[in-house]
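Given below, in the form of structure tokens, are the structures.
Next come two complexes, and both contain subunit A; in the first it sits with subunit B, in the second with subunit C.
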Partner chain A sequence: MNYNWNWGIFFEASPEGTGTYADMLLSGLLWTIATALCSWIIAFFLGSLVGVMRTLPSKAANAVGTAYVELFRNIPLLVQMFLWYFVLPELLPQSLGNALKQLPNAPFYTGVVCLGFFTASRVAEQVRAGIQSLPRGQKMAGTAMGFTVAQTYRYVILPNAYRVILPPMTSEFLNNLKNTSVALTIGLLELTARARSMQEFSFQVFEAFTAATLIYVLVNLVVITAASFLERGVAVPGQR
Partner chain B sequence: MTSTPMPAPTPSTPVTPPSQAPTDAGFQTGPLVDPAQAKVPGGTMIAIDAISKWYGDFQVLTNCTTKVSKGEVVVVCGPSGSGKSTLIKCVNALEPFQKGQITVADTKVMDKATNLPKLRSRVGMVFQHFELFPHLSITENLTIAQRKVLGRPKEDAQKRGLDLLARVGLSAHANKYPGQLSGGQQQRVAIARALAMNPIVMLFDEPTSALDPEMVGEVLDVMVELARDGMTMMVVTHEMGFARKVADRVIFMDRGEIVEDAKKEDFFGQPRSERAQQFLSKILQH
Partner chain C sequence: MLSNFDFGVVTASLPYLFGQGMVFTVTLTALAAGMGVVLGTLIAMARLSGVPGLKHVAKVYVELMRSLPLVLVIFWFYFLVPYIGAWVTGASNPVQVGAFSSALITFTLFEAAYFSEIMRAGIQSISKGQTAAASALGMTYWQSMANVVLPQAFRNMLPLLLTQTIVLFQDTSLVYVLSLTDFLGAASKVAQRDGRLVEMYLFAAVVYFAVCFSASFLVRRLQSRVAIIR
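Right, the complex of A and B next:
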């Protein structure tokens, strides 16, 4: 293989005019983190709501929850990105569609919403599994004490269900973080997109993607460490 | 079943402050039942009127009718699968039923106008598997419903909860979590948790069935005391010793029907139905 290694490339000025290639990757990392965190907020709350709906006695709530999950987890994420970014503005009334297209940082907002809705369907399934793993008597005990359905979920079921699903939820968080790279297809300048442009400008493909890989792994390790602290922090004395 | 005889509680004795109560030192004197709640025996507390219940095509309860008067202790027994747990869960509508009506303290259970959470908050329930909330400390288990359902201030709820914890002899465990207690201790906490709501009636769904044999006594002792304090109780249990000691009436169920509903003396003396006689001869042999 005839390849011209140049690890010093990161400290050379990028053709963008401001800063080095390292700065370019760093700005990509910041967009990745911002997208991951914002979409996770949507995914967590919407996913919890949908997951809870699928455990309620109401048939209507069940149907809505099931429809949501099956819609959003059965369409490829890449296709969903395109639908949100290219198709949705055309379906809206013209003025609203134009406003969406002209929105500053539109790829970021679209990426956040798309990822949030997609990951929510996966979070919903985790939440449902967590709730259904609890003994049936817990719900009964809460109900028998006079809690409303909402109170039973708030004070009894969810605190226990979230503890049960903390490990798979960590995986979902990591998936969500890595899935931000799909948003490069709608023009979000996140880490992978930045590594690609570095490769196109400098032809140093190995250096660029080695750096991106290491950064992803490092960020994920930080998340895993934080999650294990969280797990220890919320562990209930005397359980298991 | 052997449970240690208890001295009759004296309502005037002040409750020991929880901080001074000895560790798991048996039971303190004083009433478990709020004197204001201990109703004069007489009027009807629970009226079960011709209820039937189906799971799909399978009928679990058939035309069950009985009533529990204020201050009365009624034991419900019968072979497994006879519907006794289902019946008791119908009383606070944990299980819906399709026909008939249950009235608790003049409130209809199956009625759209009934505020079920409010009704349930006045009906204490103790479960076979305790069902303490595992993520909450014992104190929080005792106070959460008082605060969130009854709206009691934190201090009042805590005082009431810790008083009752002392009454079941578990003050030293106030800051522990359910998983750190034995089954018998958990069930005593569960009884205290139900009593903390000042219930007008207590329902027990096989409260000793999930316990190791040596822990059955400590739970039954609390229940005996509760009965003697005048609490209205409906108890699903196989503990015939408990029934003999404190029950006023015994209901025998089989295949979803109330087969026998008799005064304790009559039930243990001369059950009218053959099925009840068979049941008794089986469980009393050992």
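Right, the complex of A and C next:
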């Protein structure tokens, strides 16, 4: 096998003129993390809202929640990315569409919104499953105490449901983190994109991808460790 | 608002979109799912085997694949497969592998990790008493797997395996990053040639939605039919 290994490549200056290849990958990592965190905020709140709607007695709320989940789960993420980036500005009124196209860092904002809405549909399913896993008596007890529906959810159901679904939510968070790499198709310079451009500039394919792989594995480990601390921190003493 | 758009471009490109694009997507999905389930089952068996080295290799493989983004894995194999080919055949230069084979290898190996998690749960869902009974009857490990455990594990996990196949069908759109002509790739090529991004991407979204929505509806129907009442 004739491949010229050169692990020193990370400390050579990148053709962008602002630091080494290692800096390039690092800036990619920062974009990955920023995109993942910002989109997670949207996904968490929107997903919780949609998930709660699917458990409400109201038929209309149920239908809206179900429609949302089906719509965002049955279209590939890449297609959704293109819809937000290429199609949406054309469908809006012209001035607004032009403003969107000229937005600085447009791939970042588009990526965040797209991933947020996409992951929300997955979070919604987890939230719904968490709420439905609770004994019916909890909702009834809330009503018997004179709580309104909103109060029952706020003080009784959601605090319990979130604790139940913490492990699957961690894996949704990791999925969201990995999915940020799809945003490279609309020009977001995140980690995978940076590894790819490092490969294109330096021809050191395997060094670049090995580095990216190790970084992703490391980030995964950090998230899993943080989640297990969180799980221990929020656990209700004496339960389970 | 839609008066500026010309949906004629969609009808004009239908033979290309479905004849080439969709055929590529469906072939890739079907082959990768079939091979991925077989490989995934073997990985799951390795993880549950209790053989020290084998068990750990399988676990590391699954965990590694599951912590990487598919896009990165696609790039990895795109560059790695020619070298593996050279290594296997003993050639001195990287072997040229077609784009389709490269994509097929990537998706098979990547999805095998996810299928193996499903099959692991499936194998574990079969009570220990059954394997014990099988060995009491004098069956070897492979006989009890093939005749007792796996048929039930497949049946129990069929809905999940099919749901994962729908996910795989959506994921194949990511071969776009290698400029292959799958369904989305075909739509994208027409879109860029004719400057009709809006029409083509909306159409692609509608088609993907229709396929995946009806497929998951059928899976739900199937789920209620094959479920074993315990």
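Throughout what follows, the second predicted complex is superposed on the first by the 240 of 240 C-alpha atoms of A that agree within 3 Å, B and C clash if a C-alpha of one lies under 4 Å from a C-alpha of the other, contacts with A are read in each partner's own complex, and residues count from 1 in each chain.
To be clear about the criterion, a contact is a pair of C-beta atoms (placed from the backbone, for glycine too) under 8 Å apart; a residue touches a chain by one contact, two chains touch by 3 or more.
Note that this is a predicted model, so its numbers are computed, not measured.
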Subunit B versus subunit C as contact partner of A:V79, first or second or both or neither: second
Residues of subunit A touched, compared between subunit B and subunit C (which is higher): C
Touched partner set for A:Y155, first subunit B, second subunit C, both or neither: first
Which of subunit B and subunit C A:G146 touches, first, second, both or neither: first
Partner chain(s) touched by A:R163 [first = subunit B, second = subunit C, both, neither]: first
Contacts of A:T192 with subunit B and subunit C, given as first, second, both or neither: second
Subunit B versus subunit C as contact partner of A:L230, first or second or both or neither: neither
Subunit B versus subunit C as contact partner of A:S181, first or second or both or neither: second
Touching partner for A:G137 - first (subunit B), second (subunit C), both, neither: first
Subunit A-touching residues of subunit C, taken from the complex the two chains share: 1, 64, 67-72, 75-76, 79-80, 83, 86-87, 92-93, 170-171, 173-174, 176-177, 184, 188, 197-198, 201-202, 204-205, 208-209, 212-213, 216
In the complex, subunit A residues that touch subunit C: 1-3, 70-71, 73-80, 82-83, 86-87, 90-91, 174, 178-182, 184-185, 192, 195-196, 199, 205-206, 209, 212-213, 216-217, 220
Residues on subunit A engaged by subunit B in the complex (per definition of touch): 135, 137-138, 140-148, 151, 155-156, 159-160, 163, 236-240
Subunit A-touching residues of subunit B, taken from the complex the two chains share: 89, 92, 94, 117-118, 120-123, 125, 127-129, 131-135, 144-145, 148-150, 176-181, 193-194, 197
